[in-house]
Amino acid sequence: MEEPETGATAPARDQGGAAAALLIIDMINNFDFEGGEELRARAEAIAGPILQLRDAFDAADLPTVYVNDNFGEWHSEKSRLIEQAFDGAPDRLAKLKPRDCDYFVLKPQFSGFYATNLPVLLPKLGARRLVLTGVATDICVLFTAGDAHMRDYALWVPEDAVATQDDDRGRWALEIIAQSMGADIAATHARSPDEWLAEAEHA
Amino acid sequence: MEEPETGATAPARDQGGAAAALLIIDMINNFDFEGGEELRARAEAIAGPILQLRDAFDAADLPTVYVNDNFGEWHSEKSRLIEQAFDGAPDRLAKLKPRDCDYFVLKPQFSGFYATNLPVLLPKLGARRLVLTGVATDICVLFTAGDAHMRDYALWVPEDAVATQDDDRGRWALEIIAQSMGADIAATHARSPDEWLAEAEHA
Amino acid sequence: MEEPETGATAPARDQGGAAAALLIIDMINNFDFEGGEELRARAEAIAGPILQLRDAFDAADLPTVYVNDNFGEWHSEKSRLIEQAFDGAPDRLAKLKPRDCDYFVLKPQFSGFYATNLPVLLPKLGARRLVLTGVATDICVLFTAGDAHMRDYALWVPEDAVATQDDDRGRWALEIIAQSMGADIAATHARSPDEWLAEAEHA
Amino acid sequence: MEEPETGATAPARDQGGAAAALLIIDMINNFDFEGGEELRARAEAIAGPILQLRDAFDAADLPTVYVNDNFGEWHSEKSRLIEQAFDGAPDRLAKLKPRDCDYFVLKPQFSGFYATNLPVLLPKLGARRLVLTGVATDICVLFTAGDAHMRDYALWVPEDAVATQDDDRGRWALEIIAQSMGADIAATHARSPDEWLAEAEHA
């Protein structure tokens, strides 16, 4: 379709020129599956670092993209997914709820690039560097990282902003990400986001 | 992510076994672009045949999938798209509003298969035959048809259920679809949907 | 795999910095199918303009990429495809044989982008503008053009460098390409390749 | 293009009906990169199990598909890749050279499914179950497995038929493959290929 000229506000329109984008993977989640409670506890532990990154991206006027499982539901209704994820008691993850200014991409499988809008959105944003955060390190983060690397994105996967149920498996997934993709896996406290963003802007 | 066990109803869950699926392309549309008013008039003219097909698919317990442009908006919020499309005066297209029981796939480009959930959804549904309807015949319908054909889907593109601004170009697009993809382009009144569905079930 | 350091010469190695690439589609062909003889005659008629474009790309040190059907053969052996295409009598198409300095991409379906190496090769080459040539205008050229447009490539599809069996259908395919993709379809004699290349380099 | 009717022999033509396919990943390799010598030694150690699997697939009339890196070379000439891989002294890997009856798919990145013919070939073959073998477990095998799983292929990745430079990383890659994809990772000696094939045929 030709594009209509709407008066819609961002992120209703794609916008170029972003050197980097922050991806938040599968954090909109009711953890209603086997082993889900353990994963929820770990997800809560990384919510702080992710939020700090999101703040830093906001401050640098760089986009945040939620890349979230549709959990086998095909209605493409973000609000319904969010409602299902946060329908219970007060939740330490609620501060990570997507805002109207965030991009939101539904993924039906492990990788954020497979059968999703992401391969069109990221070029529209102009992003060539990605920070990957969320769960689970050895599944959706790992395969999103692999697909990103195959498409020549430079990656930072901060070890304190990703989590999985099994610590050892998570560590090895990070090791694979670092070794085979040349990704940075430094923790958020080990380097300033501003530093990395500055680097990203000049890369 | 592992799949949660929700109590959600269809189409919240994918479901196998469908011999065919009905695709409705870009009919959720405010036609707010150059030449949009002409296209709206033609879209209104095909709303009837599309609705009859949707009824037939309902009756046969076969899925309807809306495959709709996101118009450059990346919020993945179906309800917002629908609201924008129908925010004006009473609309002859309103009867085609997606229902809760319909699947809804956002596409950022011409083809319903490019950078969308469709390549995962259709195998989940088990659909091997597709009826393509909507606008515009020579753009989004044509390139969705091409991608469907390359993936071995059998196609019916009823000539009275697709439209574009330029009649000649529309006719030639249908000619290409028929000639190079072996697609059926018979009008909906020229053959009974039940007939085609019966054929689809035994193909 | 990590990349070996070979001493191989181009195009054994990918090379960046090309503003444009010339794609030659399905001209390596024995035309051994229904209607093939008619298509061969038309293919011979466009061999001259294609060769001139290839010379111009050579002169400008820009890459030529053969994007060719594998005709249902999966051995990935370029030389075998070429041998089969030219195994008969002297052939006016033989001057278009790929040279060692040309890239060669096998495609199993209509589009040069579907299930091929092209989505990786073109970014490696740095090409953002494409000249599409070859056969058939309303099938493989059309759907390659559509996929290229969806990926934001700027296109020139010279009307005298593409052909199909049915003149009318070819003309309408070009009309669709021009209208919906903003592609240039000027004949090679109507504009200097150097001109377009200069434009391409500054775009 | 329409398909010519050639007299070519298999695998020149795709053929349906195979319940399973054997994939041999990146074993056509001159190991001419950092750490290559260590990987070669490990690749030699898995050549035996891979060859036994290939024999078993031959006996069951099931296809073997080489999925091999193009090492940044874009000539699509299988014979040239093979020559480069085996141009040195006698090689314990030479027995794994692809034969004319094998399929051969070039991949430009980690995954055998990304920007390759594989997504078209496997459906043509009718294969729904895959045995993955070759190198490296934590790179190309891992990401090919991930992509296969996302496309609903059932997987067997025999632990004695895959290898990488770092034993621990290889073990964890297999752990991830087993845990997140439900893949079988039993060694070839721990279960009979015939057994698995029989199972595959009835799955």
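Letters A, B, C and D mark the chains in the order given here, with residues in each chain numbered from 1 onward.
Please note the rule applied: contacts are C-beta pairs under 8 Å (C-beta built on N, C-alpha and C of every residue); 3 or more make two chains touch, one makes a residue touch a chain.
Note that this is a predicted model, so its numbers are computed, not measured.
Considering every other chain in turn, the ones in contact with both subunit B and subunit D prove to be A, C.
Distances between chain centres, each the mean of the C-alpha atoms, put D farthest from subunit B.
Once the centre of each chain is set as its mean CA position, subunit A and subunit C turn out to be 38 Å apart.
Centres computed as Cα averages put subunit C at a distance of 30 Å from subunit D. Counting partners per residue, subunit B has 109-110, 114, 120, 139, 150 as the residues that reach two or more other chains.
Those residues of subunit B lying in contact with subunit C across their complex are 109-111, 114, 138-139, 142-143, 146-147, 149-150, 166, 168-169, 172-173, 175-176, 179-180. On the side of subunit D, the complex with subunit C involves touching residues 1-6, 8, 11-14, 26, 29-36, 69-79, 84, 100, 103-106, 108-110, 114-121, 124, 135-136, 139-140.
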